[in-house]
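In the part that follows, the structures are each spelled out as structure tokens.
One chain, subunit A, appears in both complexes that follow, with subunit B as partner in the first and subunit C in the second.
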Partner chain A sequence: MEKNHKGFPVTHVIGFIMSLVLTFAALGVAIKTSLPFKTILWIIGSLAVVQAGLQLYMFMHMNEGEDGKSQVINVAYGFFIAVVTVAGSIWVMSFGM
Partner chain B sequence: MGINWHDFFIVGNPLILGSQIAIVLTMVGIVAGITYLKKWKWLWREWLTTVDHKRIGIMYILSGVLMFFRGGVDGLLMKAQTSRPEMKFLDAQHYNEIFTTHGVIMILFAAMPLLIGLMNVVVPLQIGARDVAFPQLNALSFWLFFSGAMLFNISFVVGGSPDAGWTAYFPLAGKEFTPGIGNNYYAVALQIAGIGTLMTGINFIVTVLKMRTKGMTLMRMPMFTWTSFIASVIIVASFPIFTVALALMTFDRIFGTHFFTISGGGMDMMWANLFWLWGHPEVYIVVLPAFGMFSEVISTFSRKRLFGYNSMVFSIVGIAFLSMLVWVHHFFTMGAGPGVNSVFSITTMMIAIPTGVKMFNWLFTMRKGRIELTTAMLWALAFIPCFVIGGVTGVMLAMGAADYQYHNTLFLVAHFHYVLIPGVVFAVFAGLYYWWPKMFGHMLNEKIGKIHFWFFTIGFNLTFMPMFFLGLDGAVRRSYTYSAESGYAPLFLLSTIGAVILAIGFGALCYNIYWSARYADRNISNDPWDARTLEWATASPVQFYNFAKLPEVKSIDAFWYMKKHNEGLTLKDEEVEEIHMPSNSGLPFYMGVIFGITGFLLVFEWKLAALVATVGILAGLIIRSFDYNDGFHVHKDEIKKTEKAWRSVNKGVNNHVS
Partner chain C sequence: MSANVNTALPLEYQTEQNRMNILGFWIFLGAEIILFGTLFAVFSVLNARYAGGPTPKDLFEIKDVMVETILLLTSSFTCGLAIYEMRRGNRNGLLLWFIITLLLGAGFVFMEVTEFIHYVHEGATMQTSAFLSSFFVLLGTHGLHVSMGIGWATMVIIQIFQRGLTPVTARKTFIIGLYWHFLDVVWIFIFTFVYLARMVA
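Entry: the complex of A and B
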């Protein structure tokens, strides 16, 4: 806790700049390129996931504090369950196409 | 919409009429008995409003045994119907209802409460805690479960039972093909009980993570606590899926949506997909705590530390992880294509690896141990070969291509009974014989216990072994009759005879409970089995605050260490401190009742009335939010008195295995 109040908030600034970069990258891909629709969706979707992860670490201090480790495990496990349930169902119900 | 009043009570079937009369007489008998003995106040104060994890556990176990009886009767009725070709005992509709309720009740209202009950009694004691993390939530879990179970059970006399199988596959379970209200019971009652189970899962995760006593690191926890913890994690991961699936089913059936009807643009197989996304992890939810019980029993009665503790923990975590990745093997025949089916074949077979690790660990625990053949140990010993048969046939079924042959035959039915009965029922029996003195202060009779054991295991094998061969010969499951020309008759008859022997075994358990409650020796020590874990460090039956002084743990098998080093076994007067305990509350009971009423109205599709009843649920939530009761303190004198009562007689007790 003490550490966060002292000095220049480097991680916050890095996180802020990275978020801006990722957001504008997504915007650029969507507006300025003429890639196929599906490719654009995949790119901006991936960028969104990266940014969500970035914000969990940089701004929401997921891995800090006494419960840091268990929070990381919780989020990873939740992510795993969500992916299995949603992506798994779509894959199975579309007969593996 | 709307239900005709003449459909309300099921009439015209002598079996059901008999049950209706029996139910009314039993209820009148219970009310009259309690009034005559003037026990209403006692019942309310000591049991209905309790937040004590041990009492909640005992109530879970009692309900579980009761439901096991109900499900067992269903099983016997099925066996009676199929004992001869072309039997006229049950008609097709009645048979459908009975196999449906048998499945639902055995899994959700017998296996689950028996395991959660033992978890409730034992886990806080094993980690050296005074209660679970959220005692009142725990009571709420129980009453919601109980409410759901009762709602489901009245279905066969009021309105009609669900009849689409315990899996309730669409389109059969939809309004189009099952227009009656039977399946509404399925959707609503399981929803209510499921909420309770989900809360239990959360409660036990927090309890294990936050309430461990000093020195009880994760890797020093007893194996039963580990398995209960991981089972709770799986509950929290998988039950929400079931909640959503049931909610969609409720919308489809009661409010006319089309999530699962193809004609309305829905997907019927999506139900199967969601059901098994929950349903397969559910299998591990019931089997993991059972594995933990076997670990405790085998280690105690081999007089050895559990072999391969670390590999045991990793295999549990591995099973938990893999359990989320195998659900499609329940519907290989949907024909999702070679890619999907191969992936799920492989993940399914992979589960055999951690399970095999556990098998060898149990065998190596017994190797060179001084094995004592108590009843609890006998169950553990019988479990190993029986469960291996279940596991090996499971690997056979895991092969997607071969499954097209086995699917929907009695081979599958035999397989899952060979997994669930040794894996869960044997474990619960072992656990009951083992922990009975902790719960009630007396042992179950070992002699009757062995009669129970032999009848039950022989009956079990005789019932289900023929079903493997019937299935390979092509006998389909859920079929209410067969022709004489099929040649199935001898094996079916053998199976029925086995079921009767099985039932006699269960009768022996019931008699044992009765006999022991009346005649068993009360003068036993707190540690009659010379056991290894912390629950045996305190009195039998356990005093309501569990431990006068919280024990300090220095090794695996903490109590064994304490006995060997003679540490922390005695209590000095000056060590006694006031203990803070939670107060009783009637709110969980009220919530159970109001949920039951709301559910009942919803089942009968009286939507406005159900909406009005939900106000009662909201009222309960609001009252709870403004509840500032912080519990009470137990005075030192009372603690000293209680502790003296069991510690000072220690010399004269029968420290024995009768």
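Entry: the complex of A and C
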């Protein structure tokens, strides 16, 4: 965390370009390839997680400030609960089908 | 509140009150992650229950979805630039990028509303099938967040015009910035698991 003095927001531009690349990569994998559905889901899901991390670190500066560590733990915990909710729901509702 | 002002830090972190507000907003975002997590869970379970109604392949137009995605992604970028300018103490730069951010956000909401109207004309309403119920609840909750964010940010912009850049207005701007980036984070997952995944499924 610091006051900005230089005139060019390098990390923001890099974050933006990388987000665009990841978005179009996901589109390409989903639309242009004929991989099995499960494979596509894992690939585009991973790309989404990477892009979300990019936003959190390069745009939101999640780990800055005296409470940076608490912020990271809080978001990681929220994400963990969300994943458990989604995966658990899918598992329970499709069990035995 | 005016005690312990640390002028070595950026404006939004200078007072204890500001630091606590920013931490508190991160905790709120943790709760928002779980809110959207539950909606994604509902969609994941119901996303193939068409009840004889339209399927994602019938409805989704990848070109429109890409336009929405790029609009929101670019607005997240310009919002980052707004905060960057704020940390340089450049009020006009902050306002310029902030207003561009909101215009892009408004463009996104317009595209989404048009998309929903189009679906309803094709007979795909909330009542049609479990897939569409969960779709509209998830996307509608996100779209409502963006719309309310535009209203909220407009009020913050008015305060910046009235009071200039102070620790208080800087903190408010920083917090709405966090909120705005978060909405793009949610959209990444909607784009991936609702649009892309259901179009190839």
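Here, the second predicted complex is superposed on the first by the 78 of 97 C-alpha atoms of A that agree within 3 Å, B and C clash if a C-alpha of one lies under 4 Å from a C-alpha of the other, contacts with A are read in each partner's own complex, and residues count from 1 in each chain.
Keep in mind that, in the parts below, contacts are C-beta pairs under 8 Å (C-beta built on N, C-alpha and C of every residue); 3 or more make two chains touch, one makes a residue touch a chain.
Keep in mind it's a predicted model, so treat the numbers as computed, not measured.
J.: Looking only at contacts as defined up top, I'd like to know whether subunit B or subunit C touches more of subunit A.
T.: Between subunit B and subunit C, C touches the greater number of residues in subunit A.
J.: Where does A:48 make contact in the superposed view: on subunit B (first), on subunit C (second), on both, or on neither?
T.: Only subunit C is touched by A:48; subunit B is not.
J.: Touching A:95 in the superposition: subunit B (first), subunit C (second), both, neither?
T.: In the superposition, A:95 contacts subunit B only.
J.: One more residue to check, A:81. First (subunit B), second (subunit C), both or neither?
T.: both
J.: By the touch definition at the top of the document, which applies to A:19: first (subunit B), second (subunit C), both, or neither?
T.: In the superposed model, A:19 contacts subunit C only, not subunit B.
J.: Is A:66 contacted by the first partner subunit B, the second partner subunit C, both or neither?
T.: second
J.: Both subunit B and subunit C contact which residues of subunit A?
T.: 70, 77, 81, 85, 88-89, 93
J.: Of all residues in subunit A, which touch subunit B in the complex?
T.: Result: residues 70, 77, 80-81, 84-85, 88-89, 91-93, 95-96 of subunit A touch subunit B.
J.: Please name which positions on subunit A make contact with subunit C in the complex.
T.: 1-5, 7, 9, 12, 15-16, 19-20, 23, 26-27, 30-31, 37, 40-41, 44-45, 47-48, 51-52, 55-56, 58-60, 62, 65-67, 70-71, 74-75, 77-79, 81-83, 85-86, 88-90, 93-94
J.: Using the touch rule from the top, collect the residues of subunit B that touch subunit A in their complex.
T.: 209, 233, 237, 241, 267, 269-270, 273-274, 277, 324-325, 327-328, 335-340
J.: In the complex, go through subunit C and note every residue touching subunit A.
T.: On the subunit C side, the touching residues are 9-10, 13, 19, 22-23, 26-27, 29-34, 36-38, 40-42, 44-45, 62, 66, 69-70, 73-74, 76-77, 79-81, 84, 87-89, 177-178, 181-182, 184-185, 188-189, 191-193, 196-197, 199-201.
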